[in-house]
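Read the structure below first, then the notes.
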Amino acid sequence: MPDSPLSPPVLTIEHLAISFAQPRPAVEDVSVTLRQGEILALVGESGSGKSMTARAVLGLLPPGAKATGSIRYDGRELLGLSEAGLNEVRGARIAMVFQEPQTALNPVRTIGWQLREALRAHGLRSRKAATERAIELLRAVEIPEPEQRLGSYPHQLSGGQKQRVVLALALANEPEVLLADEPTTALDVTVQAEILRLLDRIRERTGTAIVLITHNMGVVAEIADRVVVLQAGNVVEEGETRALFARPREPYTRTLLASVLRLPAPGSAVPIAAPADEATPAVEFRNVHVRYGSSRRGRAFPALNDVSLRVAPGEVVGLVGESGSGKTTLGRLAAGLVPLAGGQVLLHGADVLAAPRSERRDLRRGLAFVHQDPEASLDPRLSVGASIREPLDIHRVGTPAERDARVAELLEAVQLPPSYAERRPRELSGGQRQRIALARALALDPTLLVADEPTSALDVSVQARVLELFRELQERLGFACLFISHDLAVVHKVADRVAVLRAGQLVETGPVATVFAQPAEDYTRRLLDAVPVPDPTRRRGRRVRELAS
Amino acid sequence: MTRYLLSRLGSALLVTALASVGIFALIRLVPGDPVSVLAGPDATAESRAAIRAELGLDRPFWSQYVHWIGDLARLDLGPSYKLGGDVGSLISDGALNTVVLTLFALVLAAAGAIVASTAAVVWDKRWLNSLLSAVNTAAVAVPTFATALVLVLVFAVRFPVLPAGGTPPAGFFSQPDIALQYLILPGLALALPAWAALTRFLTESLRTELRQPYVTTARALGIPRRRIVLTQALRNALPATVTVLGLQLGSLLGGAILVEAVFAWPGLGRLVEQGISSRDYPVVQVLLLLSVVVFVLTQLVGDLIHAWLDPRVRLNGVS
Amino acid sequence: SSAVDELKSSSGKRQEGGILRVGALQDIVPARIFTNSSDAINVLIGSVYDSLIDYPRDSLDPKPSLATSWKLSDDGTQLHLQLRDDVTFHSGRPFTSKDVEFSIKTWADPTWTVQLQRTAAAVTGFDTTDPHAITLTFAHPLSNIFDLLDMLPIIDKDTIGQLREGKAFVGTGPFKFASWSPGSKISFTRNDDYWRGKPALDGIDVSVIPDPQAQVAQLRAHQLDLILGASYRDFQSLGKDKQFQVNQWNGAEGQVYVGTNVTNPALSDVRVRQAIAYALDRKRVVDEVLRGAGVPISTPWPSYSPAYDEKANATYDYDLTKAKKLVDEAKADGVKIPKLPLTYPAENPIYGAIAQIAQADLAKVGIEVELDPQEQAQVIQQLIGAKFPALWILSHGYANWTPSTLAVSAYPFNADHNASLYSDPTYKAAAEKVWEAKPGAVDPADYAALNQALLKGSFLLEIAITLPQDASSTTVHDLGQTKRGEPILYDTYLTK
Amino acid sequence: MTASVTEPLTPVPVGPVPGDPGPVRANRLRHALLHGRGRVGVVLVGLVLLLGVLGPLLAPYGPTEQIQGANLVGPGAGHWLGTDELNRDILSRTLYGIRVDLVVVFAAVPVGAALGVLLGLVTSWWPVTDVIAQRAFDLLLAFPALILGILITAFLGPGVFTVAVVIVAIELPVFGRLVRTSVRTVREMPFVEASQVVGATPWWVLRKHVLPNSLEPLTVQLAVSMSVAVFVEGAMSFLGLGVRPPHPSLGSLIKDGVRLLHEAPFFAAGPLTIVVALVLGLLLISQSLAEARRA
């Protein structure tokens, strides 16, 4: 069993250092030993060198990177091996899976072709044999009807299916080591849970050793045997999963673990729900319908179907649901960015669309929008000061000097020094950019804020800080908020009420604590179950296995 | 897919229809009178009036236009004012020459570009890249007419190994080997800038493709770089290249005017020039419309090939 | 096989038959087939058709062709011609006096816009009772009737419709029209039944190559045997090459000139026009632009013309002082000379070069000129409509024929209405006088009067006679040319 | 003012966050122009520009001055590049001729670009005007440059002005389309939505966001278009549609030189070198700018 410390090492990385032509090395000193059949998690904040370490193993560093130290596999030194030498190892002995299933597959080739190509690279030339093996592989990664799927193009598969195909590719030549670089980050929680279970089963069946790179401590707790914590290119701590979670030695590990948001254990006590607010809601959706594509051409896609929802003044409503369930659409609808196909949207009791054009602008003035991607939501050409000022400029609020003063106030409100007004977005970190976006949203004193996954692009620790700030500002300023997120833990932390969307329909709504503790709907329960719990003692897979044995 | 095609076809037809009115009006606005050109300096007023009536130029504008479109619909292009003969047969000879030359140049440019850019990307040698980029820049920087003349001087006059110009005396198809020799110099002069543009674009696309995650996936599977370039990156870079190729066709047609002049290649370029200078409305109208149709068709065909090469468009109609 | 090697050959032995490959600058234009306006038309007319009489190139002494002999009545209003009886058209139909009548009447039809239309229209009576003789009656004596008979091709009346469409050209000449691909090629085959005997060549292929340089390149590459259009400079350099010969055809001259709009306020003073005439450095034009293939002139006539007068021709020899003086005088009399536009066809580099020389010359005497190159189409329209604002450069022909042909036929000289808007009773009378006279019987004094009228008016300032040239490979022998510039290829043969 | 701002929240210390990208070079494009290929391009274009500007000072003769007896003299001490058929000093003509190309390159192209950008910008926001403008651009693009040149010359007669008009007509749709693509991409960007949500009008978005964010591709295209303009001038002059004699332009000089390639091969060398240098320089600039954009 992998738990045995006696299994022999298959991959040994010693004193690996990787540098680019820039002051700080990407990886400074990393030593890791991977043992046969184990799952080793590599964790750490963004930029800590996780991916670089994994890429160095297969000689896939970006151009310009220099690596020193040693990476030994099966007694062979991999660092500095020729391209031809590496090609013998790549795929056949050590395989790698990448984060983005959407782009990791060639869009213009069928998956059958890509599987055959992977097999061909290591000697399987016969087309028939390759096809058979491809079907076998697809079956192994639990893709239904594998024979039919061979002729599909990547875009015809769902995200989870694509990630399974990527796994199948990596497993094609039965490698001894699998390097998985954030293989589930881009996926829904439900899909993520399935993929993780699949990884675990593969390890069990083939004895493949897996290096799992992730920043999600829940995932680590779920399946890793051992954990290696990286910080700024160095290994800061290493240990058996359960021990490390229970007794982190290093302060960095401790912060990392502390930043992790947790859901209450299922079935915990239900607090009494607050009575429904009788005031006019900040926003109210009445039986709204949204369709994408022209209905005239018969391609209309119903993104929202008969959804009714109210957000009371000062209330934070979390909107959750799987990818594609219509969360973003509902948020954009409030902001007037998508056309309404049916129903009504009321802002403070006024029907926006029924209002004359001139009034519509004023109605919307009390509304602000924070986008998921802090990078894309700021114009790269404007200084952050100008970006924050923009709403004031548009509505000609006060004199220019007053506007500048207001910018300084807002910066302070999001806990950034006023000197930052001069910077360009790209001179800021992700978390800082998201604060700027927040500051801009608050510029006109909105009564309603629509936040579309505002923290999903951020690191756990940064996310924690931004959420903290958000919560604080919300309490202080008392704006209502529609908070969209696929991360149930985040919603749990910030929201008063939660609404669950599924395929364009509202399935459940209610106070957060009630819904999360005692979901009325099956769908909600599945969502909650799929969330990895950052606590190795409550590991589900293990539990199942322990029960079975 | 079909719907996508239909909408493209619709806008193509609209452009062509607009163009026909525009061209018809435009050419009549050009100062200078076909009748005086035709009659010559020594003609009397009566003879000019007689010619005007004979050409139907005394009718009102709209009636002339309706007649023209009606004739076009019946594939009757009418007679040339100047050359007397039917515009259709007049153009068909020139069109054949121009089409053969342009297509030859297009094939030369496309094939050359694929070879050059895959070689540059597969080998990725410093000297090869420098050499290619130098040749490339030179090919763009030297005007077509200069290249053409230098080619004539070197390969036809100084070292007479290839014909100095003209079309193959026996036509293109009865003696293909001879025809090829006649095509080489003008084809080369015409193809060079297009080749350079295509090579640059394709090399760049291939490099971009090689940075895509799917290439990393393939590399991580141990597939050799050369194979990745040839079977995957190239396949992904082609759809966009086809679009660029379509745009190049336009510049090739433009360049053909110069090359045809230098190589005494009796193609459409000369017809356009002469047609305009002699105010031969029927010829010019048809030629200009033809150029619009070719442009529109190229775009359409380019889109088609693009769609066919890209399964996302082919199967879902999205791009 | 190599396309180039096939073309190279040189053993010097006479070749049986063979196709002569000719390069022409302009294509044929069926509607203007009789106007002598393109070199391809010249090949066509010269090869497919015969005329009644032939002028030798350098004289005005008619020689028999389809007409074997002729007799002019004493009053000069009737001409009796005896015709050959052994001639058939390419269609097989025998040639008769009716065809002569039809041909002359065709030329008199204004839609064909022939230059000698007035002369043809002055033939009023046709006696065609004898199929092999014809008597023509004229409205008045026509001094240039033989010019008409030399120029006029005898055409087949049955195929005139096809001629207009460019589908068939049927004559009695040494070669038959075979095919025409507009814009690129015209082919002729030998007429085995030619009345003068079978021509040496099997046929002629005329390639239309509008770029003179391309013609030269193809001649040098032995893709052509004879080129009709090349720049003077190219002819000069081909002449130095032993592989090629350059032929200069004296007797088929043209004239380049500067035209003036005499209604332009600055140009209405004759002194200004004369000053321009004095200021033109004609010799430089001949030397540097025409590369010697020309003669500086003040009057249009070549030296063999009956109207030629050496003294009159030297009237406007280059003289800047005289020019300057005239300009100063005119200015002193209150004539304002603003910047004058000088129009010329942009397509032809010769006009451009001459215009630039003229501009520099005129600047020296205080006349500022702005060059105004325009498309041929627009230039011709202005010529016809007499719409040139001030000055223009073009060329004319017909001075190499009977002088009256020029005076009554060439557009810029037309005494009734010309592009200069110059009208003068003395000039008109002098022109009519030399026309309405018996051929060969014009009083030299009348010619002198005509010259005086022309020089006095100075509305059209001659620059130079241009001598037509062509170039051929040395394997081509016995080329000829008519006074009208039509190549005579009947005797031509090739050597290997 | 809201209460929140008058009582500021306690600022937390902000230091470099892990993964902080750090300051990036302020102006990538300027950097690209001052190094490597870009610098070679700038030097080449600068040199040509300098020659053109200083032409009158450097030229030993006037551009149209006909020197007696100096007919087609080869290059030598008196005439570095020889003389032409009309006895004019080719070096002087070349130096003056550069100016025509400079006008075409640095005036006509920017005008065409500006018009195209303006039209593209204004029309592409609303579907109706967008369709109309795009079809009009299609129509202009459907004619090869030279055919457009021949057509426009039929109206205006040959001359620098005509060449300039032709270049404007060629560039207008190119820039119009380019801007339209930009508008389409930029308007989908979250930052545009952000400003729309707070009430920005289309005009505001176009001016404040779309245009500034399209400037980079536009500059690259500008350099490319400038090199195209040099060609168009050359080709039009080659077909006799360019500058009016006696004034020289690089294109007309090449045309004259090419006519005399047999007798005076030296003639075309000078102007051709300048054209190649100018085009090369512009191409190098556009390449380096494009590269900087991608980096």
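To keep things simple, chains are lettered A, B, C and D as they appear, and every chain counts its residues starting from 1.
Rule of thumb we're sticking to: contacts are C-beta pairs under 8 Å (C-beta built on N, C-alpha and C of every residue); 3 or more make two chains touch, one makes a residue touch a chain.
Note that the coordinates shown come from a computational prediction; the quantities given were computed from them, not determined experimentally.
Visitor: Can you figure out the chain closest to the middle, judged by Cα centres?
Guide: B
Visitor: Max contacts between which two chains?
Guide: Of all chain pairs, the one joined by the most C-beta contacts is B-C.
Visitor: Let me have the rounded angstrom distance from the C-alpha centre of subunit B over to the C-alpha centre of subunit C, please.
Guide: For subunit B versus subunit C, the centre distance works out to 40 Å.
Visitor: Distance from the CA centroid of subunit C to that of subunit D, rounded to the nearest Å?
Guide: Using C-alpha averages as centres, the distance is 48 Å.
Visitor: Between subunit A and subunit C, tell me the centre distance in angstrom, where each centre is the average of that chain's C-alpha atoms.
Guide: 88
Visitor: Just how far, in Å, is the C-alpha centre of subunit D from the one of subunit A?
Guide: 45
Visitor: Where in subunit C do residues touch at least two different other chains?
Guide: In subunit C, the residues touching two or more other chains are 213, 347, 375, 378.
Visitor: Multi-chain contacts only, two chains or more: what residues does subunit D have there?
Guide: Where subunit D meets two or more other chains at a single residue, that happens at 154, 258.
Visitor: What residues in subunit A touch two or more of the other chains?
Guide: Correct list: empty.
Visitor: In the complex formed with subunit B, which residues of subunit A make contact?
Guide: 58, 60, 83-84, 86-92, 95-96, 98, 100, 103-109, 114, 117-118, 121-122, 153, 155-156, 166, 169-170, 172-173, 297
Visitor: Which residues of subunit D touch subunit A once you look at their complex with the stated criterion?
Guide: Interface residues on subunit D, with respect to subunit A: 1-6, 8-12, 14, 16-24, 189-191, 193-200, 204, 208-209, 212-213.
Visitor: Touching residues of subunit B toward subunit D in the complex: what are they?
Guide: Those in contact with subunit D are residues 11, 14-15, 18-19, 22, 26, 29-32, 137-138, 140-146, 149, 153, 250-251, 253-255, 257-258, 261, 269, 272-273, 276-277, 288, 291-292, 295-296.
Visitor: Residues of subunit D touching subunit B in their complex?
Guide: On the subunit D side, the touching residues are 135, 138-139, 141-147, 150-151, 154-155, 227, 231, 234-235, 238-239, 254, 258, 261, 268, 272, 275-276, 279-280, 283-284.
Visitor: So in the complex, which bits of subunit C are touching subunit D?
Guide: It is residues 213, 216, 231, 233-234, 237, 288-289, 346-347, 349, 352-353, 355-357, 359-360, 371-375, 378 of subunit C that touch subunit D.
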